[in-house]
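Okay, structure first, notes after.
We call the chains A, B, C and D, going by the order they appear; numbering starts again at 1 in every chain.
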Amino acid sequence: MGSMLAVIGPGDAADPRLLTVAHSVGREVAEHGTALVCGGLGGVMEAACRGARERGGLTVGLLPGLDRRAANPYVDVAVPTGLGQGRNLLVVRAADAVIAVGGSWGTLSEVALACRDGKRVVSLSGWQVSDTQGGTVPGVTPAADAGQAVLLALGER
Amino acid sequence: MGSMLAVIGPGDAADPRLLTVAHSVGREVAEHGTALVCGGLGGVMEAACRGARERGGLTVGLLPGLDRRAANPYVDVAVPTGLGQGRNLLVVRAADAVIAVGGSWGTLSEVALACRDGKRVVSLSGWQVSDTQGGTVPGVTPAADAGQAVLLALGER
Amino acid sequence: MGSMLAVIGPGDAADPRLLTVAHSVGREVAEHGTALVCGGLGGVMEAACRGARERGGLTVGLLPGLDRRAANPYVDVAVPTGLGQGRNLLVVRAADAVIAVGGSWGTLSEVALACRDGKRVVSLSGWQVSDTQGGTVPGVTPAADAGQAVLLALGER
Amino acid sequence: MGSMLAVIGPGDAADPRLLTVAHSVGREVAEHGTALVCGGLGGVMEAACRGARERGGLTVGLLPGLDRRAANPYVDVAVPTGLGQGRNLLVVRAADAVIAVGGSWGTLSEVALACRDGKRVVSLSGWQVSDTQGGTVPGVTPAADAGQAVLLALGER
């Protein structure tokens, strides 16, 4: 199989503007012929899956619980893990690169794990991380829009 | 998404007869319109994926390592987990029911975890488990052939 | 730290005879100056921890849930994992060798994972595994009593 | 058993000033009669374990690899997990509260997971997290010194 991009971000608490961005990211991922992996639930995850589906992309959802039916309706392959937030690491490991849309503690855990593993991480409206002195910590690349985010994540920019 | 069946069994040590059986199981799974999940490597896993692919089925491989390229060529969705044998539990949790083809310690760990969770487990030429007195332990249903195994796993027999 | 032995077996469903055996195993483990790791709950796990405690041994319980208070009262170090049966693999990985007292599907999953990893596995009144033809599968060593089980697990017999 | 505090922070890349702080944190944890859990390796983890040991505390190390001998010499209970950075989640789940000393991506993943689960998180010289607009994200409490950090983590301040 080809590459797989993770799209991560807040679930049901995501604000509408983020959902629009996530939807665009999903479409862009699919248009590049790349599969999309996420946490499988609502909010950013659902919007991204919906976008990917509209463009014929394949969507994978790694769920925190044990019930496949918790997946949003745009997930093609639902994998119940029963690991709770332990599935965050699996989302990162499943992906070649990660696009964060918005911020939450769960999202930040995935960003941090991906940076720890040296994977490309691109952020759209995400939380910001600075070191003790307030300096920038290298690892996360900000993007201006969905199209740029996907190109950066694929290493094409 | 619909249901997903796990096909489990020995990897590269599998004997040729088992591979023929696993290939038939993969085809039957796909013909029932069901996705197939497995450990993603060679032997029984590869034969089952090959069979499913031939009949247009979707195949998911949950890999023990971190490198997607370890997946056999018939895996549609490769998920590197980096959990080693910890991925065995994920194969079981991802599936609605489990079909074991042949036996190995890794396979038996998956059979045991699936029985522990009360999932349907069907066995073709698998190892046998008996209690301290040599009596039968309920949990695993033997099947005569691939077709029957899939029907039993789907609860249609 | 020194070595650590896992004592595994059924939880609250364990019959009284098994509890007596598990209690003796716990005492023997402690008398050899070895720490004991288990799944942290009742039945065989609790009896083994109680035995180890009586002889001044250290006991570690890797719990399936998220609440430390689920540990039996003889666990010194309770580690809530939230992984459900995923903690079975951790019990095996934490240990240098494994002693099974009695049988259950959860117990068998640990036996199988330990054998898969090539660890020493000793069984007292455990379930039996045979291959397709009914032949013995190498990997598990039966013991006659608690004292012999611990010596075998430590590789001293 | 009583409560358990996690001390997290960079491994071998930690600067000497952080090690002094971590050492003090370890001593304070032990003086409160609380067990210490960490990732079991060098740097902040080792300094904290050394401090706890000096004051008679119990130290638990949840290791990323499969070899118990990778633990630093001040770990009483070494648990090899073989989960890589997956053990970060286990460190958080094992603890009632978390003290971060310094920052790294691995450390941040643990901070984020702990905040996600609503656990108390105290930071000494840690990385800083702000939202998209640069505002403060509630969840992490800064401490001025080791003594205050432990009191805050124990909810006594």
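Rule of thumb we're sticking to: contacts are C-beta pairs under 8 Å (C-beta built on N, C-alpha and C of every residue); 3 or more make two chains touch, one makes a residue touch a chain.
From a predicted model like this one, the values you see are computed outputs, not experimental measurements.
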When chain C is superposed on chain D by its C-alpha atoms, the rotation angle in degrees, nearest 5: 180
Pair exhibiting more inter-chain C-beta contacts, B-D or A-B: A-B
Where chain A and chain B are represented by their mean Cα positions, the distance between them in whole Å: 29
Centre-to-centre distance between chain D and chain B (centres being mean Cα positions), rounded to whole Å: 40
Numbers and ranges of chain D residues touching at least 2 other chains: 82, 86
Complex contacts: residues of chain A adjacent to chain C: 82-84, 86
Chain C-facing residues of chain B, complex: 85-86, 88-89, 102-106, 108-109, 112-113, 115-117, 125-132, 134, 137, 139
Chain D to chain C touching residues, read off their complex: 1, 4, 35, 37, 58, 60, 62, 66, 68, 71, 75-82, 90, 93-94, 96
